[in-house]
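Read through the structures below before going on.
Paired with chain B in one complex and with chain C in the other, chain A is shared by the two complexes that follow.
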Partner chain A sequence: MAKSHSELSIILRGVAKDPLGLLGLIIVGMIVFSAIFAAWIVPYDPIGMNIPDRMQAPSLSHWLGTDSLGRDTLSRVIMGGQVALKVALPAVFGAMAIGLTLGMIAGYGPKWLDNFLMLFFDTVRSFPTVMFALAVVALIGPSLQTIVFVVMATSIPTYGRVARTQTLTLRNSEFILAERAMGASMTRILGVHMLPNIIGVLAVLAAMDIPTVIALEAGLSFLGLGVKPPTPSWGALLKDGYALIRQTPWLVVGGGLPIILATLGFTFLGESLRDVVDPKLRKNR
Partner chain B sequence: MFIYIVKRFALAALVLIVAVTAMFLMIRAVPGDPVSIMLGPRATPELKASLIAQMALDQPIWKQLLIYYGDLLQGDLGVDVFSGRSVADIVFQQLPYTIEMISLSVLWSATLGIALGAYAAAHPNTIIDRVAAALSVSLVAAPAFVVALLALLIFAVKLQWFPAIGAGEGFWGRLNHLVLPSFAIGLSWVGYIARLVRASMLEVMGENHIRTARAFGISERRIVMSYALRIAILPVVTVIGVGMGFLLSSAVFTEIVFARPGLGKLVIDSITTRNYPIVMGAVLVSTGLFVVSTALADLINAILDPRARSAD
Partner chain C sequence: MSDTLLEIDNLSVDYETARGDLKALRDISFDVKKGEIVGIVGESGCGKSTLISSILRLTAPNTRFRQGEVRFKGDDLLTMPERQMRNLRGSDISIIFQDPMQTHNPVLSIGRQMVDIQHRTKVSKSEKRSIAAKMLAAVGIPDPEARLKQYPHEFSGGMRQRIAIAMALMSEPDLLIADEPTTALDATLEVQIIERLQELQREFHCAILFISHHLGVIAELCDRVVVMYAGAVVESGDVREIFHDPKHPYTRRLIECDPGHIKERARVLPTIPGEVPDLANLPDGCIFRDRCEQATDRCAQVPPLEKLKEGHFAACWLNHPEESST
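Now for the complex of A and B:
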């Protein structure tokens, strides 16, 4: 535990040295902080209606204005960050865990299993994500869990393929051969010896994947196929703003800017993490 | 090469078959009988009975699947339950709008991206290179539908430079309606392509044949334009082919934002009216489009770069 702690601080220090990485770290830190403490920092109740104050332009009492039901936009933006992370984190980590397991099995197991899993990965990847998401939402109905499921299902292959490639390159390295010669089981080799060598690359991938998921959740909520009202979500803000774009344009800005900011933050952080964890990956996105 | 082509298309076909089967089973796996789900709460008993006969739901499941494949091979995607029109007709009527929007987006973003990337590579570590690099990272981060909404707000609602909704009439009208949507879809690609071209350009510029060309006294401008750039833009082809799924996803949102006709608008409208045959038809067509374009990108890559053929 102590060892991984110091490794983490080395990585964080590396990220903080890079100006864009530091910026990313600050933005992500702010988003995570405001999401965790959302209930305490919101100036108003994010779902409390206040009809006399409806459709007010940004002012000192409502920094980002109010919507057609008189709800405070800033409060909804802050609460929306919590919803975005509630979708993105479980989806990305779930996909990473399953992709990692399947990928390692594909890379280490017998050839037929590898072929089968690769076909599975290629098939899942052949669905355009949003179209697949729409088909699933149409069939089982919109909810937070549906989005998490769709994201997990569509991004497992990305993690799986990377984990497989990494496993294949490690497979014949000396320390793995030595383990095998000593009679270590497959679970032990994969879990204790392969995993620590693969997880770094996948963590970078996950950091870069979070903004995609946030955008997908916002997109589906914008279409009215994501989280259900009155739950505040950045996409729902965009939806309300779009419906009354001439009367309450500040909703579009209030919903759009956090998405762009979050995307920028996680992308900067991810790129910087990548350079620290594995400089070889730098060439391609 | 021939074997590679056959293999690649066999894989594409296999992937399509698995995808279609998965989609087919997904509809059947949903609790409740498929007819009520497909027709929604508005179904009358007569409509249900005719759909059961039409979809061969009284047959065993493997037979249903075979019938479904048979229909697909004949280009039959089923029938719209409300209007009775062929789903294939409806989908292919909307498809051109989506294709023209995606094509224009790719065209402008690839042109600008390649120019930016080539310029940055020819003048590495200058201010313009740095600005281009920072710009590319930031642009890549902007999701198309957010850009679309902000562009709609600024350029259509506030400034009123461009129309806000529809697809327009006549060549100029259509082009005018395409400006904002293709701006929104293409924006994130400019930065991505610029980074890609810059990296591959720097690689190519270090190669022997470029050095030889320099030794012959050929002008730097000509070297960049006619020797280096030709090779450096190859990865762009692959990336666009593989990015087709991403482009289609952006198109769905952009069509909604600008109320444009197209595949995305068709799907969303059909979901709201619970018109499942059209949803499935459109999803299948776009999946097919994606699989074919990925395979084509791989093929073009293999033709241009023999090393890619043996990989994997």
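Now for the complex of A and C:
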């Protein structure tokens, strides 16, 4: 156990050495912190209406102003971050877990299974994500779970393909042959020996994928197909602000800025992670 | 019978390719007795690797076993169920590979790999760790407890090969296959590894099938030698016999070409002219005929691997008096 801790600290230290990585780490840390403790740090109830105070410009009591129903924008932005992560994290990690499993089976299993799984991946990938999302939402109605499902379904092939390629490269490597020659079973080879070699690459991919998913959630919410109305979401904030952009421009800023920050933060972190995790680059340091 | 560990009997193996069947091994027969070190020599492409992968049954998908048997303790490995075969690998039969830089998982610590390889023994993890440390000490790695925490890239090539030997011997196998274990190392390390292997062999009493193209190492280490050429055994016998009185022209040329045997300074090192014949399109007769200086008309027929005296076999017409050939 102590070993994996030191491994994690090595990775974190590597990320912190890179200025952009450190910036990404700070932004992501802030988003994650505010999402976890959202309920305690919001200054106002994010869905509590207060008509007398509607459409107020930013002030000391409302740092980011209020919307057309008098709700505090800052509180909604913080709560919206929680919603965004609630969609992005399960969707990305779920897709990674399923994609990894299917990809490794495709890469290590018999040829016919590989062909079948690749056909499945390509079929899923051929749907445009937003169109697929619109269709699914039209069928089962908008909700958090629907978005998680749509994102998961559409990103499984990405992870699956990467995992398959990695598995294909590894399966012919000499150390895997050595393990087979020492009597390791297929599950042991895949679980003990291949997984640690693949997981780093996929983790980087996942970190880079999180902002895409956040943007997708915001986009669907903007179209009114995301989370249901009183629940705050960055996309919903943008949508409310868009209609009243001349009267209350702070709403658009409140919805847009966190999306930009989250995208930059996760991307910087992901790129920095890629450089640290990649064993070939690591050896040179 | 009882002291024979591995018997290879008329083994023929083909690779199915687009150009037709590549006859990688033809009628290979030899055996390895318990606790004996048998060397296999031959130049690149003579079928050494195919032979090893056939014994372990870890062959490429286009491999076809045409005939023959590989018997280990009397059981045919080629027809054994996969599950039973897997249980033999790494417990009764172990292997050391050629390139120590490639044979360890780069992202797992040596300790973790050495614990994992003991997946068949039912003891606690800490006991497995101490067994691993003991094995590392046995192959001469100082401070084994601390070394277990390190990753493969933190070891040198020679150390990695010693770790590979430790891992291969951990299960106390009856047969250890060493596939050119010193080829990727430099000469001083080679001597160290060979000496270590000899010591450990005395300690563990396992048989070793030692594959190499380095004749000096074979002469030093092995009890018996099998000389292979283009997928066939051309000569086999006791090390002393083969090196002092080779009966096949190929063996003779091979020994002459060994730089260790050359006494005078030469501008150009001796070689055997010609190339190994195309295995997909074998010529008739003796396979060494095109490169042999002593080839005669008799060589148009394949010479049998004949017993010349106790423990010395060779496949060459020169060992037969003229009149007996026709």
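Here is the rule we go by: the second predicted complex is superposed on the first by the 278 of 285 C-alpha atoms of A that agree within 3 Å, B and C clash if a C-alpha of one lies under 4 Å from a C-alpha of the other, contacts with A are read in each partner's own complex, and residues count from 1 in each chain.
Definition applied: a contact is a pair of C-beta atoms (placed from the backbone, for glycine too) under 8 Å apart; a residue touches a chain by one contact, two chains touch by 3 or more.
Since the structure is predicted, the reported quantities are computational estimates derived from the model, not experimental observations.
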Residue contacts on chain A - larger count, chain B or chain C: B
First, second, both or neither for A:172, with chain B first and chain C second: neither
Which of chain B and chain C A:197 touches, first, second, both or neither: second
Touching partner for A:187 - first (chain B), second (chain C), both, neither: neither
Contacts of A:242 with chain B and chain C, given as first, second, both or neither: first
Set intersection of chain A contacts, chain C complex versus chain B complex: 283
Residues of chain C defined as touching chain A within the complex: 56, 58, 86-91, 94-95, 97, 99, 102-109, 116-117, 119-120, 149, 153, 164, 167-168
Contact footprint of chain B on chain A as seen in their complex: 20, 119, 122-123, 125-132, 134-140, 211, 215, 218-219, 222-223, 225, 238, 241-242, 245-246, 249, 252-253, 256, 259-260, 263-264, 267-268, 271, 283, 285
Touching residues on chain A, where the partner in the complex is chain C: 3, 173-175, 177-185, 188, 192-193, 196-197, 200, 279, 283
List of chain B residues in touch with chain A within their complex: 11, 14-16, 18-19, 22-23, 26-27, 30, 37, 137-138, 140-143, 145-146, 149-150, 152-153, 157-158, 192, 195-196, 199, 244-246, 248-249, 252-253, 256-257, 267-268, 270-271, 274, 276, 279-280, 282-283, 286-287, 290-291, 294
